[in-house]
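Below you'll find the structures, each written out as structure tokens.
One chain, subunit A, appears in both complexes that follow, with subunit B as partner in the first and subunit C in the second.
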Partner chain A sequence: MASVHLREISKQYPNGYRAVKGLNLEIEDGEFLVLVGPSGCGKSTALRMIAGLEDITDGKLVIGERTLNDIEPKDRDIAMVFQNYALYPHMSVKDNIGFALSLRKVPKKEITTRVNHAAEILELSPVLNRKPGQLSGGQRQRVAMGRAIVREPSVFLMDEPLSNLDAKLRVQMRAEIAKIQKSLGITTIYVTHDQVEAMTMADRVAVMKGGHLQQVGSPKELYNSPTNAFVGAFIGSPSMNLFEGTVEVKTHETVLHLGTTELTLSEQTRQIYPNINTYHNSKIVVGFRPEDLEDAAFVDTSENAQGYFESDILLAEELGAETMIHFSLDATPVDVGDPDAVEKVGANGAAVARVDSRTTLTAGTRGKIFINTSRLHLFDASTQQAIKSR
Partner chain B sequence: MTSPTTVSQIKNRNTGLWRRIKHANAWTAWFMLVAMAIFFLLPVYVLVMNGLKDPASAELSQMWRPPSTWSWGGFSEAWERLSPSMINSVTLVVPATVISTFIGSVNGYFFAKWKFKGSEYLLMLLLFGFFIPYQAVLLPLVRFLQWTGLYGSVWGLILTHVIYGLPITTLIFRNHFSTLPHGLFEAAKVDGAGPFRTFWSVMLPLSVPSIVVVAIFQFTNIWNEFLFAVTVVPNPEAQPVTVALNNLSGNFSVDWNVVMAGAVTAALPTALVYIFLGRFFVKGVTAGAIKG
Partner chain C sequence: MKSSATKLTDSDDLMTPKAAPVRRSRRRASDRLSLISMVGFPAFLHIGLVWIPALLSVILSFTRWNGIGGVDNIEFVGIDNYKSITTINTEFVPALTNNVLWLVVLMAVSTPLGLLLAVLLDKNLKGGRFYQSALYMPVMLSLAVVGFIWELIYSRETGVINAALGSDVDWLGNQSINIWAILVAAIWRHTGYVMILYLAGLKGVDKSLKEAAAIDGASSWQAFRDVVFPVMKPVNIVILVITTIESLRAFDIVDVINGGRFGLELISVLITRNVGGAASRVGYGSALAVILMVVSLVPIISFLSTNLRKEQAS
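== the complex of A and B ==
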């Protein structure tokens, strides 16, 4: 067990492409850190550099007390779970799990004990003598896990280990992996593009984009105070609505203009963003989460921290427990540069609200939607960084 | 009065025609295949029929006729005269096949999975070996073998065949190893296996079909090879069966039944190897390695 330190780690490929740019991360002993980001953000490359499968171009990798830049993967005391499992097809489950131990000349008896123990944890005991080809997808995933945990390494590295499972199994394994990690207490670095996985499993999440680290923090921190618009949009589902707005400082209050809508900033928001008044008459990026909006019919209007949009309802998606309302907004949507965003939130000037399922709003009608202005996220228009006390 | 043709009727007529064309195609294919089979089996027929004749009736003018009296004399004489050289062939072919297959697999593994600067050029140079005709190297080959003291021995011939086999065995194995999932290779690396251990414990067990292909190919080639055999090993007692078969036809008269029976006998081992090893031609050994 050990802490992991990445100091200014960079990766540049021979063709000049820089996949990771000056990555700094401190991962504590026993911590579950999730590296998350859209495809091509450098998260897998970072993990493979820690594993020793990619050379580190620049910077320093320290696990425990040892600098590992030029150490072979087999001498790094790490175990890895691959996205496609990479099980040895000609070996039985038992041999797959025990292979690393037999390479380390662990006595046969001890290998059997440890393999059986790992199989018990993973409920693989009945299939120990089968070949990977005879297993279901979920079982293969478990074998891949078993191969890692039997080693009792100082660090687990997991590269999108659940992305090949179907949705139901993924949710189940998500909880199981988190549970196993907690009980073993082994430092884990887990790569995924799925922010839900990141939020549910991690002690801390590190968000990457374009080779740069964007923000590290607990899931709550990332959700509540994203450092920039990208993190704001990336964490949370559906994504945060992001529109251009203009600040107007009046005598007793500060007002945001979102298209033709005017929102008065709550006292609380002005405390969180004390510098907001310096943006008088200039553009900023305004972010608000779908869950901070509500059908006006279900809101107690006596609360003060609220504004409202009155707009055309474009689409109502009924999910049972709640309804997603897409409504038009005449402000300019903001692109945060997520390469994976298929359906850009805010495209065609639409915003999304997560409202009470009893709503009567339907496509084609005009509706009134309330917004909790204490929960606004404000970003600088040019840097897209959160407006904080500067 | 005819009813108007509907769209569906036109479609049906078309599919009917299409079916007839496909049917005709199937028959044509059948006819072609049977014709080809006969074409390829005719020499075998001639070999076996004439091998079973007595010496008097085995002559060119009657080569198409089945024997009037069946005789095993041709086969027993052929066996008597060929069996020592058959043993020579086995002692030549088995080591040559095993060694060239093994070296080819190691070569292929490193060319596929441990690329280094210039490895592609090295592979290209190696593959030039394909294009050098046997005749072109005869003189330097003999000089080299004399210099190393291997001239005239079966080991000289083994060495020659191993080296001549390297381009093809390396190429087949390199292509095979390139298709194995790279993840397996990386998993072995993380598990703690070095290059050779990965090769031995992970890569080679997944290569049975390629090993079989290469082994059959090498076995057949080396068994049937004549020019190197007759050049490198001048001593008749050590010569392989291809040379001995050639010597069956005497200088003045030819015992056709013996020659034909000898040809069948000499060809049997390669056929057996194919039949036996062909069973290991299993597909899909990598099933389950990665998802899907």
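== the complex of A and C ==
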């Protein structure tokens, strides 16, 4: 087990494309760090540089006390789980798991013991003599895990290991991987584009975009205090609603104009953003999460006299425990540059609210949506960085 | 009376069980047409042009016929042709030996050499495309052209080799060395073929397998030996089959050099000499063809059946 230090790590390909730009990360011994970001953000490249599968153009990679920039993958004492598992198709499960040990000339008896132990942990004992082609997707994923854990390496690297599984199995394996990592206590760097995976598994999450590290912190920190609009939108599902707004500082209150809607900032919000008054008459980016909105019918307005939208309801998606209400908003939506965003929240002036499932709001009607203005996220319009808070 | 079908809209029509049989029968008709055109026609050609002539060759191998006149002139002689080939024909044993030698040498030299070149080219060397084209070029030449080129190289008086070595060796005339000289030419041609097949195989190997092996602790050689090569098993089978066929049907190159005589005898030459030309011994030539067919099929069938059995067992 070891800590991992990435110091100003960069990757530039021969064609000049810079995939990773000055990445700094300190990963503690035994920590589970998730690298998350949209396609092409450089997360997999960063992981492959740690593995030694890509050369490091600039910067320094240190695992434990050793600088590993020019060390071969086999000498880095790391194990990796690949997105497609990369199981050797001609070898049995047993041989797949034990291959690394046999290359290291571990005695056969010990290989058998360690393979059997790994198989027990991963419930693979009944299929040890099968070939990968005879296994289900979940079993293959387990074999890939087995191949990694049997080595007892200093660091686990996992490159989107659950992306080939169906949704149900993914949830199950997510929990299993987290459990195994906790029990083994091996430093783990896990790459995914799925923010739910990142939030549920990680001790800390590092969000990347365009080769740059955007923010690193605990899942709660990222959710509650995103450093910029991109992180705000990327973390959380459905994504944070982001619209352009204008600040108006009045004698006794500060008001945000979101299109024709006026939101009076709560005392709490003004305390969180003490600099907000410097944005008087300026544009800012206003973010509010779907879960901080509610159907007015279920909110005591006298106690939550904060703000509301009176809007056309465009779509109501009933999910059983809750309902997603898509409603129109005449403010300008903000694009944070997420290349994977198929349906941008805020597109065509629509916002999303996660409301009580008892709601009677339906598409085509007009409804009243309350917003908890204590939970607003405010960003500078030009930089999209969070306005300095307390 | 209005039928229920007339009440249905287009979209209903697709969903109802009543509409389904119509669509199924249409699909069956189009399937039949596809089957006939894509399977039936090629199968018909294959049977007509390969299997029936092969079967007729087997039958003719037990006869004496000069190929002239009707089938009434065909005389059944039992296994006389085979007896004659193995006891009287002095060229048969050298021809069979040369064919087997051809097979062994191509397997032992061209296959590993082609693999080595493919591995080197797969490393994306500078100028790799040029080397690839240069090494593959001999494959595009017919064996007759290959024979002609190597005649220029081996010629006793004007050949490149004797000029370079200052020697006076009769590379193509000396019966103890001419088969080896020809085999060098055959290797030169066949290696390019093997190389391109292995290169395609190497390109098809999942890159992450090599990476996983590297992380597991394998050196380049161990990764190749334990992971890449076994994964290319289908390519190995194709190469075995192709090399066997190439070795046993070799004809043009020796025919160009000296007509397949004086140390360059091959079964294919004996067949051509007996079936065609003045001899017109169709039955005798057919017996030689059957022997060649058996020699070709034995290694291929035994290899494939062993592999299939292994796969079924696993």
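The rule is simple: the second predicted complex is superposed on the first by the 386 of 390 C-alpha atoms of A that agree within 3 Å, B and C clash if a C-alpha of one lies under 4 Å from a C-alpha of the other, contacts with A are read in each partner's own complex, and residues count from 1 in each chain.
Going forward, contacts are C-beta pairs under 8 Å (C-beta built on N, C-alpha and C of every residue); 3 or more make two chains touch, one makes a residue touch a chain.
Please read these numbers as outputs of a predicted model, since none were measured by experiment.
Superimposing the complexes on subunit A yields a three-chain arrangement in which subunit B and subunit C clash. Of the two partner chains placed around the shared chain by superposition, subunit B is the only one that A:Leu135 touches, whereas subunit C remains out of contact. More residues of subunit A are touched by B (comparison of subunit B with subunit C). With both structures placed on the common chain, the touch criterion links A:Asn164 to subunit B but leaves subunit C unconnected. After overlaying the two complexes on the shared chain, residue contacts for A:Pro89 are found with subunit B and with subunit C alike. Applying the stated contact rule after C-alpha superposition, one finds that A:Gly320 touches neither subunit B nor subunit C. In the superposed model, A:Gly16 makes contact with neither subunit B nor subunit C. Subunit A residues 51-53, 72-74, 78-80, 82-84, 86, 88-90, 99-100, 103-104, 131, 147 lie at the interface with subunit B in one structure and with subunit C in the other. Residue ranges of subunit A in contact with subunit B, taken from their complex: 51-53, 72-74, 78-80, 82-90, 99-100, 103-104, 131-135, 137, 140, 147, 164. Looking at the complex, you find that subunit A touches subunit C at residues 51-53, 72-74, 78-80, 82-84, 86, 88-90, 99-100, 103-104, 131, 147, 151. Subunit C meets subunit A in the complex at residues 206, 208-209, 211-219, 222, 226-227, 230-231, 233, 314. Of all residues in subunit B, those touching subunit A in their complex are 181, 183-184, 186-194, 197, 201-202, 205-206, 285-291.
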